[in-house]
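Worksheet: the structure to be examined is printed underneath.
Chain naming follows the written order as A, B, C and D, and within any one chain the residues start at number 1.
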Amino acid sequence: MDLTIDLSGLKLKNPTILAAGILGTSAASLKRVAQHGAGAVVTKSIGASPREGHPGPVLVKTERGFLNAMGLPNPSYHEFVRELETVKGDVPVIASIFGSNAKEFEEVALGLSKARPDAFELNLSCPHAKGYGATLGTDPLKVKEIIKSVKSVVDVPVWAKLPPVANIVELGLAAQEGGADAVVVINTIPAMGIDIESGCPILGNKVGGLSGAAIKPVALRCVYELCATLSIDVIGVGGISTWKDAVEFIMAGASAVEIGSAVHDDINVFRNVSKGITQFLEKRQCSLEDIRGVAQK
Amino acid sequence: MDLTIDLSGLKLKNPTILAAGILGTSAASLKRVAQHGAGAVVTKSIGASPREGHPGPVLVKTERGFLNAMGLPNPSYHEFVRELETVKGDVPVIASIFGSNAKEFEEVALGLSKARPDAFELNLSCPHAKGYGATLGTDPLKVKEIIKSVKSVVDVPVWAKLPPVANIVELGLAAQEGGADAVVVINTIPAMGIDIESGCPILGNKVGGLSGAAIKPVALRCVYELCATLSIDVIGVGGISTWKDAVEFIMAGASAVEIGSAVHDDINVFRNVSKGITQFLEKRQCSLEDIRGVAQK
Amino acid sequence: MMPINARITKIVDETPSTKTFFLDLTLDSKSGQFVMAWIRGVDEIPMSLSYPNAITVQKVGDATSALFKLKKGDSIGVRGPIGNGFTLSGKSILLIAGGVGAAPLAPLAEAARDEKIRVKTLLGAKTGDELLFVKRFRGAGEIQTATDDGSKGHKGPVTGLLDELDLQDYDQIYSCGPEKMMGKVLEMAKDENMVPKTQFSLQRYIKCGMGICGTCCIDPSGLRVCVDGPVFSGDILVDSEFGRYARDASGRKMKL
Amino acid sequence: MMPINARITKIVDETPSTKTFFLDLTLDSKSGQFVMAWIRGVDEIPMSLSYPNAITVQKVGDATSALFKLKKGDSIGVRGPIGNGFTLSGKSILLIAGGVGAAPLAPLAEAARDEKIRVKTLLGAKTGDELLFVKRFRGAGEIQTATDDGSKGHKGPVTGLLDELDLQDYDQIYSCGPEKMMGKVLEMAKDENMVPKTQFSLQRYIKCGMGICGTCCIDPSGLRVCVDGPVFSGDILVDSEFGRYARDASGRKMKL
């Protein structure tokens, strides 16, 4: 069974991709994930200057999902460009970048271009880093402007990672108009938890983002609505941990899926998802293309 | 242990309230919920003309939460006013109403006023009925206008039920400026599921809203941010099924909580939540007021 | 609970207006429980289990018509079993079925027979060829029929057959059918002081089938037909909306 | 896993810079496993379990200083136990501890003793009064000490004591302490062809402690110290970043 896909011009051996911010801090870690079956890997989001991130707890597992507020820790593109150079090899490597405005996005993209990533993913959606991510990504005009800027300085595909909002289609259209080669939805949903023993918010940053199984239905809705309208690739992310989840996204119209929190239970999740999809398609004697978007009918 | 609260001028014997759209179609059902311990009950959202709602499935339980797209079925205020008259008695009864604009909200509120509900809750947040709910509720100007209109024709407290958006504080402020006596957050989050056997969306309406435990961290974040800013009461709703959940909301600053989906597992949830809160307070030898908002510090 | 995919393995024409759809899944269920049958792209509707692996459907509108168009090998989604079901008790029982109301009563008759309980069934329908599951009821005990047009058995409503019976002969009375008919049964049981020994399966508009939406609640108890029912003891139904009115999809009251 | 509330039941001053905090919860743990200790309002930091119900903390910065200010009766949040822990094997083992690295090794020594394994410990610190858990190691077997200032035992690094030993006498070698020191141990093990018989507990910047964020991954294997470690066999560490560099909170490489 052939699971290869063409994704905004990149060739992937299967449609499972490591999500941004997950095991993406070092080349060694990214390679290890590739060895566990990911069709492509996205790096941790990289910015213009080093950030240590928020105080801990930065990530907790609740009964219903993961809450995180990492705070975009990263060593800056100056340092990360050397790391990125050494990842190249097994599978396409997508550099996730963030900035506080179009100029900064451009600067980071240019800075990392020396390492020749296969694509860029613009983090327009991190919900808990003031001035970055969703602060920009919820404004269609900024989305368009930032994508345009980055597109003007790089010659590889540019993906726009968008936040989960009610009017997701408006944002998706802005990304498409800006020249994005794909949109990625969703990032975590703004959320929090409180430790009732102490009355303290459970995250060091107090508020953070919800990921994991709990958000799957929300992500799926975003993918479904975007696929109904956009002509560019839509990549689904949010709560995927089994092949069945992945099939839901593909039936909604997703070209590929990214997987994040589920590495907690099993770093082999990429291989297992691919295997499950293969078996499903074999049983039905059909191809990935045959099931893509069937829920749109 | 005394759990009575003053909520926007209403006196409740405990801070658990039946959420809108749950077991709220008939007076008998509302009374039955009150008998199971609810401190107040909110009716099904009522509009200007009868609606049958969306085709089924209208509600499914996924591994991680409930997906629903009821489609605001209701018999219209003309019919419901008689039902409402007969609910009065045990606990405060809040009439949930919806409309497509300020005038229609006014009409429904006036129509139901004859039955003298103890308060109105304006549904500005249903995510899957085009032209109603969140279509209006995501626009701060409309929120303010609609609340003002309803306030001008009724003499009981008016609560604004808002959708889960990133900029919830902006909406909350609009509601407060419009004269709302309380805000209620959150309604369900836009979401969907796909049946991979058939490739069909699982809800008759295709897209719907996510409720239940999965959305608790999202609701809590909205409550926390609103309580930090607003001076009116904030009522938390979303994923509450245990007393611990309720305590989290109260520690975030909520004046009371509404409970919806959890009636599925146990209609006694209201009594159990109150009992749990009581025991928690007794163990700590403190009052409800002592723990309210402690997470804000 | 998510709908499970169920393939149709056999379709049996029971009467001119009803068909039984056998499915490739067997539910661990009690007679009187039902499922939500999802006819994809159309609607999801409540259907009693007439066998542990089948539903018997009368064509009355959109969803049932769509279901009638399906063929062997096609599939539907199924959530269930839902509800409480009938409670078997006593040594001798009476079943009173009207129309497609025979669907949940036929498996009850068979279960009773298997437990060596004496079963008598009064079965009614509009016409003789609409009498449902005659053979199954006969196989489980005694049967008497009634038809509106007199084409088979007693002419008139099935409750007419009750005049000739002594209700006191029965330890428990079970009924499912048009509510007017069931209302009559309850009245007669009242006259005989038999109300606590009656069980009725109600048909109300069901939307969620999960005890959440409130569509199916009955007056004045507020009980939910979908999860607290669909079977209720006559005790609960006496002096209720039962036999008088019900609510439609929007919640409006409709006279029965 | 959500942090569990743990009340401090006792605080023991171990050395001028370290204290042991006993908690009112006992974790079903293995020596070498750690917890994330949440000092509320400050930070959450990794701490080895020095007893099944205690952590032994050296004051080095913000969070550890805040912890030092807590009193008996105060509480912290605890997630754990996390990580793999040491694997006991053989009849005679050697432990090499530097500074607060003694924390996870002391319970290992005791577990070995309970299994009748012969234990020899080389314990190092800056000064004599900073030697941690001397009594616990002595109670479990033989102990030799080394201090930088020579105030107690051998003067110089603890690895100096290795010159007098024949590593081949031991079935397994366990080490925890400053990474320079552990790097030296690995080198010596290499010379003696003992690498597969060594186990090292690594200290890396830990953020999530759940194998998700990637902060703690080591080169070139990409293994995660938090869930794949913190204990690694020498095999995995040979020719790695071990002893040479590590990453800080932002992911930047820092020379050791």
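Everything below uses one rule, namely that contacts are C-beta pairs under 8 Å (C-beta built on N, C-alpha and C of every residue); 3 or more make two chains touch, one makes a residue touch a chain.
Fair warning: this is a prediction, and the values are worked out from it, not measured in the lab.
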Separation of mean Cα positions, subunit C and subunit A [Å, integer]: 51
Whole-Å separation of chain centres (CA-atom averages), subunit A against subunit B: 33
Averaged-CA centre spacing for the pair subunit C and subunit B, given as whole angstrom: 36
Between subunit D and subunit C, distance of the C-alpha-averaged centres to the nearest whole Å: 69
Per-residue overlap in subunit A, given as positions that touch at least 2 other chains: 62, 193, 200
Pairwise touch network: line, ring, star, complete, or other: line
Complete list of chain pairs which touch one another: A-B, A-D, B-C
Subunit C partner contacts - residues on subunit B that touch it in the complex: 21-33, 44, 50-53, 55-62, 66, 68, 70, 73-76, 79-80, 193, 195, 197-198, 200, 202, 204, 260-261, 263-264, 267
Complex contact set, residues of subunit B against subunit A: 62-65, 67, 127, 134, 138, 163, 165-167, 189-194, 196, 199-201, 206-207, 210, 213-218, 220-221, 224-225, 239, 244, 247-248, 251-252, 280, 291, 294-295, 297
Subunit A partner contacts - residues on subunit D that touch it in the complex: 1-3, 5, 36, 38, 40-45, 75, 77, 79, 207-215, 217-224, 247-253
